[in-house]
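Worksheet: one structure, shown below.
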C-alpha cells in the first residue's frame, strides 16, 4: 500500500513544487517571490521526508532540519533587505 | 694563465676601485695606472712565443652542455689587439686623470674604463665563440655606461641608448651567429672552428650565419647603414671617445672579421657583403666628416670612414688586403686616439668644439697644434706618417682585386675619392682650428696650453705615428707579420713595408687624392654651407628617438588591442581558449555514450532537474533585477541540494544548504550598496559572442559529464569504504575522507577560508560606501528596525541551533554532518542575532574575537596533525578508541574529532569574520547609516 | 538519467558563463555561483550516479563513491571562501570607483579613443601603477 | 515494510496523503489567490501543516521499523511551526513597505502614516523619523 | 625513506602554516612581534629548503604518506629535485620579500604577514603535492593569499586590477576542478603517479576524453602562468601590487610552469605522451605569442614596474616555449631560465618600488625624483636589467643560450628570431626606462626644477633585499656548472617515471 | 546559588528534550550529554540573550493552550483549504486591528505566532507601542467576534502563563 501511496504523494508534492515555482518566476512583487522561495523550501522538506521513507533511510532527516532552519534565515534576510536595505544594522 | 690574468687584472681593479677610492683614496691612482702597465708587462713576457708564431692557449671547461668554456688564446692577432687595448688604454688613463674635473665621480669613471678594458681584452683573447659573444655584449653594456657617463645630459643619454641598441642588437645577432657556427662545426672552440672552413662554407646555413656575424661586426664597427650611432656616442667624455672609438670598441667589429676570416672568407657572399659595405661606409663617412661642425663629430665620421676602409680591405679577394687591413687598424688606432685627445684638449681649454667658433689656436697653444697637425696629416695619408703607408697598401689592393668584373674600376676610383675627402676634412681640421684669425667668442678666452702631463699621451702617440711612418719595417713589421700570420692561418703573402716603393699607381692615386682634397678643402666653404642648410634638420639621433618612440607607440597600440582593461574581453579570451582547445582534442572521441547502462529515468528527478535548469535560465533572464535573480539563485541552490540528496550524497546536501544561506546573506548585504542598475550597453555582437561561449561551455561540460558517467572505472574508493570503519573509526566514509584519509586537503581548505576572512577584513578596512537612499523600486526604506517578533525568535533559535550544531559536529564521523556544517549552523545562528538585533546589541553579548577563533582553529587542527609525530607516525595519522564508561555506555573518541573541532573553529571564526565585518563595516565611524543616507553611489 | 543530468549541468554552466561575461559585478558573482553549482554536480557525477546508497557504512550494502563527495565538499568550501572574497572585492571596487562595472568605469573607451589614464600602452603617462 | 503492522502502514499512508494534499493546497493558494496578503496564508498555514503531516508519517514509519521510537523528525515540524509565523510576519511587513497592491475588495486598511505616528510618539519619541507613507495604494 | 626524514618534508608547509595561524590568532597589539615572527619563519625556510635540495640532489625521492595511509589512497607529498629547487627559490624570494616588506609595505594594510605566510604555504605545498586534488587545494591557498596580497594597501589601481585577476582565476579554478573530475572519472584515482599509470592503460576509446581533460588542466596552469590568450590580466595586476608582494608574485607565474612540467611528465607521460600534440603544437605557438606580447608590452611600458611585468610575460613565453619542446635539455634550460628570471624580476619589482615615487603625479617626461643613494640603486638596476634581458654575462644569458641550444632545427628557426628580437625589444625598453628613471636627474641646470623635484631616498631595506636576490642570481652564474648538472639530473628524473612509481607506489598501485 | 547555576531551568529542560529528539535516542549517554548541553547553553547563551527571565507559572495552562492551538491549526487549515480551493470571489478579505494587552515579549511573540498560524488570520504588523496588531483575515465574518476570540482563546492564557495574572 505504501508502495502505491508513495508515488502519489511524491507526485502531489512535485506538483506543489511546480506551482510554487510558477509563483517564484511570475512574481509579480519581490515579496511574492520570497514567499515562493520559502514555500519551495518547505516543499523540499516534505519531499526529502517522503524520499527518506521511500528509501527507508533516516539519513535525510538532518537535511530537512537544516533546510527548515536555514531556509527561514534566508527568508528573514531577504525580507529584511526589502524593508530596510541594510540587513545588519548597527543598533 | 697569462691571458686569464690579462682579463682578470682590470676586472679586479675595476671592482676594487670603488671601495678603495672611498676608503684609501691615495691608492686609487696607482691601481688604475698600474693595471694596464702590468698587463703590458704580461704581454711582453710572452712576446717571444707569439712572435715565433705559436698560439698560447688556456682552457678551463665550464658549461659544456651549452658549449661555453673559459678558453683563451693568444696568437698574433690577439696580441696586436691586446697591445692596442692596453697601450692606448694606459695613455687614455693618463690623459683622463687630467681631463676629468675633480668634481666628477672619477672612481666610477675609471672603474668603468677598466671594466671596458677587461671586456675588450676578453673579446680579443677568447678562444670560445660563446665566450667571445659574452665579452662582446659586455663591451656594449660598458660602453653604454661610459657614453652615458654624463647622464644628466640629454644627448649623452640618447647617444648611449642608441649605441647600446645598435651594438647590443648586433651582439644578439652575433650570439645567434656563433651558435649557428658552433652548431655547424660541432664545437664552439675557435681552434676547431677555424679548421673547418670547407664544412662551414658548404653548409646550407652558411649565408644565414654569415649575415648574422657580419651584422654584429658591422654594427659594432659602425658600418653603413649602422653607422649613425657613432657620432652621437661622442657625447661621451673625450677620453672615452679616444679609447672606444679609436682603438677598442669599434675595432671589435673588424677584429671579428679578422678572427673569423679563415672560416668565413672565400665565398662570394663574403666578398660582396663585406667589401660593398666597407666601400659605402668609406665614402659616406668621409663625406659626412667634411660636413661636421663638431670637432668630435668630424673625428667620429672620420673613424667611420676609416673603419669602412678596413672593412673593405677585409672584403677584397686578395690575401695582402688582409695584411693592409691589419696595418691600418694599428695605424688608425694610433693617430685617431691622439686626435681625439687633441680634440679633448681643445675642448677642455676653449670650452667649445664648434668648428665655426674655433680658429687661430696656433698662437695660443702651439704645442698642441703641432701634435694635432702631425696626427691629422697621418690621418690624411701624407707621406712620412704611418697613415700614408697603410693607405698606400690600400690603394694598391683596390687595384689588385677583381671583384666587380667590368666595373672593377669603381673601387679604386671610390677609394681615391674617399682619399680626397679624407685629405679635405683633415685640412679642415687643421686649418679650421689652428689657423685663420683671432678666436674671439670662445667660452674660455684666452685659451692656453693644457698641463704638460695631459699632452704626454698625445706626444707618445704622435711619436709612434712618426716612427712607424718612417721606419715601418723595424717598428711595426714583426708585429704585423705575426698578426697577419695568425689571421690568415696560412703562409704570408709577399709584401714589403717601406716609405718609398717607387712611382707606381698607388702613389699616383695618393697624389691625386691629395690634390683633389686640397681643392675640395678650398671649395669647402660653399659646399659646407649649402650642405648645412640642406641637412641641418637631419639628425640621426632625433630620427632614431622618434623611431623608437613610434615603435613604442605601435607596440602600445598592439598590446592595447588585447589589453583593453575590460574583464569581459579577458574572460572571453580565456574561455575561448579553455573551451576550444580541449574541444579540438575531444573531437577525436568516437562514441559519446559508454558501455555502462544508464539509470532509468524517474519523473520526479527529471522534473527537479528541469526546474533547476529553468531557475538557472531564470537567473540569466532576471539578472538585471538583482533581487529576483538572487531569489532564483537561491532556488537553484536548493534544487542542487535536493539533487545531492537524490544521488546519495547527504553530506553534500547539508553543506550545500548551509553554504547557500551564508552566500545569500553575503549577497544581500552586498545588494544594499549596489547602485541602480543601468541599461546594458553591450552590443548585439557581444551578446552573441557571450552566448556562443556560454553554449560552448555548457555543451563541453555536458559532453564530458555524459561521456565519463557512462564509462566504467575502477576507483580507489573501495579502499576508503573498506577501511573507513576499521582504519578511520567512522562510519561516514565521506567524513572519514575529509578528516582522515584526505585530512590534509581539509587542512588546506580551512586555510583558504581563513585567508579569505583575513583578506575580507583587510579589504574592508576603511571602506565607506554610501547607501542608496531607496530600495529596488525607488521606495524609501522602512524606518522601523528590529521587529520584536524576529528578535525574540532569533534569541530562542540560538540555543536550539547551537544544539543542532553540536549534534552535527559530534555525529559527523558516523553520519552526515561534520565540523564544517556545524560551524556554518553556528555562524548562521549568530548572524541571525546580528540581523535581528543589530550589531551593538549582539556584540555586547557575544564577545568573540572571530579572528583569533579562526586562527586558533588552524592551530588546533595543525597541532592535532603534529600530535602523531610525537608517536613516530606521519603527519595527521589519526587514532581512535572505544571507551566504555559505566552507565553512559560506549563512547568513541578519535583524534579526527579534534581535527574536526579545529575545522569547526576556523569556519565559525571565518564566516563570522566575513559576514559580520561586511555587515558592520565602519558604521561605528559613520554614525548615520539608517534610511537617511546621502545621495551617491 | 545520466543524459538529463549532464544536460542540466550544461545548462547551469552555460548560464553561469553567460552571467560571468556580464559587465556588472553582481552578475559576475552570480555567474560564479552557478558555475560552482555546475562543477559540484559534475564532480559528483564523476563518481557515477547512484540512488539510495549514501556512503555511510552499514552492513554489507553497496555505496556511492565517497571520494568525489569529499572533493565536492572541499570544493564547495573553497568556492564559498572565494565567493565571499569576490563579493567584498566587488563592494570595495564599488566604493573606490563609484561604479559596479567590472572595469570600474561605466563604458569602455571605444577603439581609437585615447585610453583612459592608467592604461599601460602609452609611454609617458606614469599613472598606471604605484598609486 | 515487512515489519510494519498494517495499522502503522495505513497511518503512514494516510498521513502522507493528508500532508501532501495540504502542501498542495498551500501551493495552489500561492498561485491562485489574487493579492499578496491572501497568498501568504497558503504557505504559512497549509504548507506548514502539510509538512507536519509528512513528518508524522515519517515518525510513524520509522518508529515501526523495529529500531524503537523515532521521534526526531518532529523537530522539523517544531522548527517550521516556530518559524513560519515569523516568516509570514516579516513578509507582510516587507510587502507593506513595498506597497504591494491589495485586492480592492479588502475591507479595512493598512496602517497609514497617522496611525504609525500616533503609535510611535509615546514609544520612541526620541527618534526624529520623518513621516513616511507606509500605505499601499 | 627512513622514518626520521618524514617530518622534514612537511616543514615547508607546516612552518608557514603555524606561523600564519599564530599571527592570526595573536592579539593585534603584537605588532612588532608579528613582524619578527613572520620574518623568522620566512628566514627559517631558507636552511630548510637548502637541506631539501641537498637531500634531493642525491637523487632520492622523498615521500611522505600523510596520515599513514598507503600511497594511491592517502595524500602523498613528494620531494624530488625539481620540487626541492622550487622550494629553495620560494624560500629565497620569501625571505627577501618579507624583509623588504618589514618596514613599509607591511603597514599599508592589515594582516600582511599572516597572508604572506599562507602564500608561502600555498607555494610550498604546490611544489610538494603528489596528489592532483591536493595540488588544487594548494593552488587555491596560494591564489587566495595572492589576491589578498595583490590588494594589500588598497587603492584604485589595485582594486581594479585585483578584481580582474580574481574573477579570471576563480573561473580558472572551476576548470581545474572539471579537469580533475574527468581524470578521476576515468582513472579512478587522484594520486598523480598512480593516475599516470592508470591513464597509460586507458582503453583507446577513452583516450580523447583524458586528453581533453589533460589539455584543460594544462590550460588552467597556463592561466596561472599567463600564457598568451590568458595573459592580459597580468601587467596591470602585478604593476599595481605593492613591491614586496609583487616580488613574491614573480614566482606565481612559475608555479604554473612548474605544474605544467610536473603533470606533463608524471601524469601524461611527456615526452610524446597523451599531451604530446598539445604541448608540441599549441603551447608552442601560444608561447611565442606570449613572448611577442611581452616584448611589445615592454616597449610600450610607461614605467619600471609595468616594464617588469612585461618582462615577466616575456619570460613566461620563453619558458613555455622551451617546455613545449619536451626534451631533457630544453627543460633544463627552462629551469635555469626560470630561476634566473624569477630572481631578476623579483629584484626589479623591489627596485621599482624603492625608486618610483609612491604617487607619480608628474608626467614621466619630467624627472620626478632625485634619488639619493642612487648609485647602489643604479648598480642593482644594471645587474637586474642585464640579467633580465638576458645579456651576458649574467644568468639570463646562460638560460637563454641553454634554451636556444636545446632547440633543434625546425623549431629553432622560429624560436631563435623570437628570442633575439624579444631580447632586443627588451633591451630598448629597459634602457629607455632605466635612463629615464635613473639618469634623468636635473643635476646640471635649473636649480628651480631641482628644488621642485620630489626627493626620494630609496628604502634601504628594499635595496638590500634586492641586492640579496641579485646576489643569488649571480650565484647562478658562478655555480652554473654544478647547477646545470643538477638541472640535467632533474630533467632526467622528471622523465624517469619508473623511479617515481617505485618511490611513491612501492606496491605498484592497487 | 541555584538560580545562578540554573538560570533558565525551562530552557535547559527544553534543550534536553530537543537533544534527545535530535539524537533520536534516550540512552544514558545522550541523556547525560543533553543535560550537560542544556545546562551549559542556558548558562552561557540564555543568560546573555534573554531580556527577562521566563517564569512559567502555569504549566497546565500551557499544555492546554498547546492542545487548543494544535486543534485550531488543523481546523483552520481545513477552512483555509476550502477557501483557497473555492471561488476566490467569495472571500471576504479584510484587515482588522486587534488591541492587545500582553506585555511580556515572549508572550507577545507567541500570540502573534498563534494568530498567524490559526484561523484564517495572519498577523501583518505590530504597532510600535505593542498595543495593536494589524491582522489580515482571509474570510472575515464578524470583526468583533474574531477579536474576542483571539483575546479569550489565546491572549488570556498567555498572559496567565507568562505574567502570573489571576485567571
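Going in written order, the chains are labelled A, B, C, D, E and F, and every chain counts its residues from 1.
Note that in this section a contact is a pair of C-beta atoms (placed from the backbone, for glycine too) under 8 Å apart; a residue touches a chain by one contact, two chains touch by 3 or more.
Owing to the predicted nature of the structure, the values given are computational and were not obtained by experimental measurement.
The minimal number of chain-to-chain contact steps leading from subunit B to subunit D is 1. Comparing the CA-atom centres of all chains against that of subunit A, the greatest distance is found for B.
For subunit F, the chain with the farthest CA centroid is B. Two chain pairs, B-E and A-D, are compared here, and B-E has more C-beta pairs in contact (counted per touch definition above). With centres computed from Cα atoms alone, the innermost chain of the structure is E.
Work out the mean CA point of subunit A and of subunit E, and you get 48 Å between them.
Per-chain CA centroids place subunit B at a distance of 35 Å from subunit C. With each centre defined as the average position of its C-alpha atoms, the distance from subunit B to subunit F rounds to 75 Å. Here the spacing of subunit C and subunit F, counted between their Cα centres, is 43 Å. Residue numbers of subunit C whose C-beta contacts span two or more other chains: 20, 25, 28, 38, 42, 45-48, 51-52, 54, 56, 67, 74, 78, 81-82, 85, 89-90, 92, 102-103, 120-123. Along subunit E, residues 133, 137, 140, 144, 147-148, 151, 154, 163-164, 167, 171, 178, 181-182, 184-185, 190, 235-236, 297, 300 each make contact with two or more other chains. Subunit D has residues 28, 40, 42, 48, 70, 72, 75, 79, 82-86, 89-90, 93, 97-98 in contact with two or more other chains. In the complex of the two chains, the subunit A residues touching subunit B come out as 10-11, 14, 17-18, 21, 24-25, 27, 30, 33-34, 36-37, 40-41, 44, 47-48, 51, 59-60, 62-63, 65-67, 69-71, 73-74, 76-78, 80-91.
On the side of subunit D, the complex with subunit F involves touching residues 22, 25, 28-29, 32-35, 37-38, 40-42, 44-46, 48-49, 68, 70-72, 74-75, 81-82, 84-86, 88-89, 92-93, 96, 103, 105-111, 115-116, 119-120, 122-124.
On subunit B, the positions that touch subunit D within their shared complex are 775, 777, 779-784, 787, 789-790, 793, 796-797, 800, 932. Residues 784, 787-789, 791-793, 795, 798-800, 802-804, 806-807, 833, 845-846, 885, 887-891 of subunit B are the ones that touch subunit F when the two sit in their complex.
For subunit C in complex with subunit B, the touching residues are 1-30, 33-34, 37-38, 40-42, 44-58, 63-67, 69-70, 72-74, 76-85, 87-92, 94-95, 98-100, 102-103, 106-108, 111, 115-116, 119-123.
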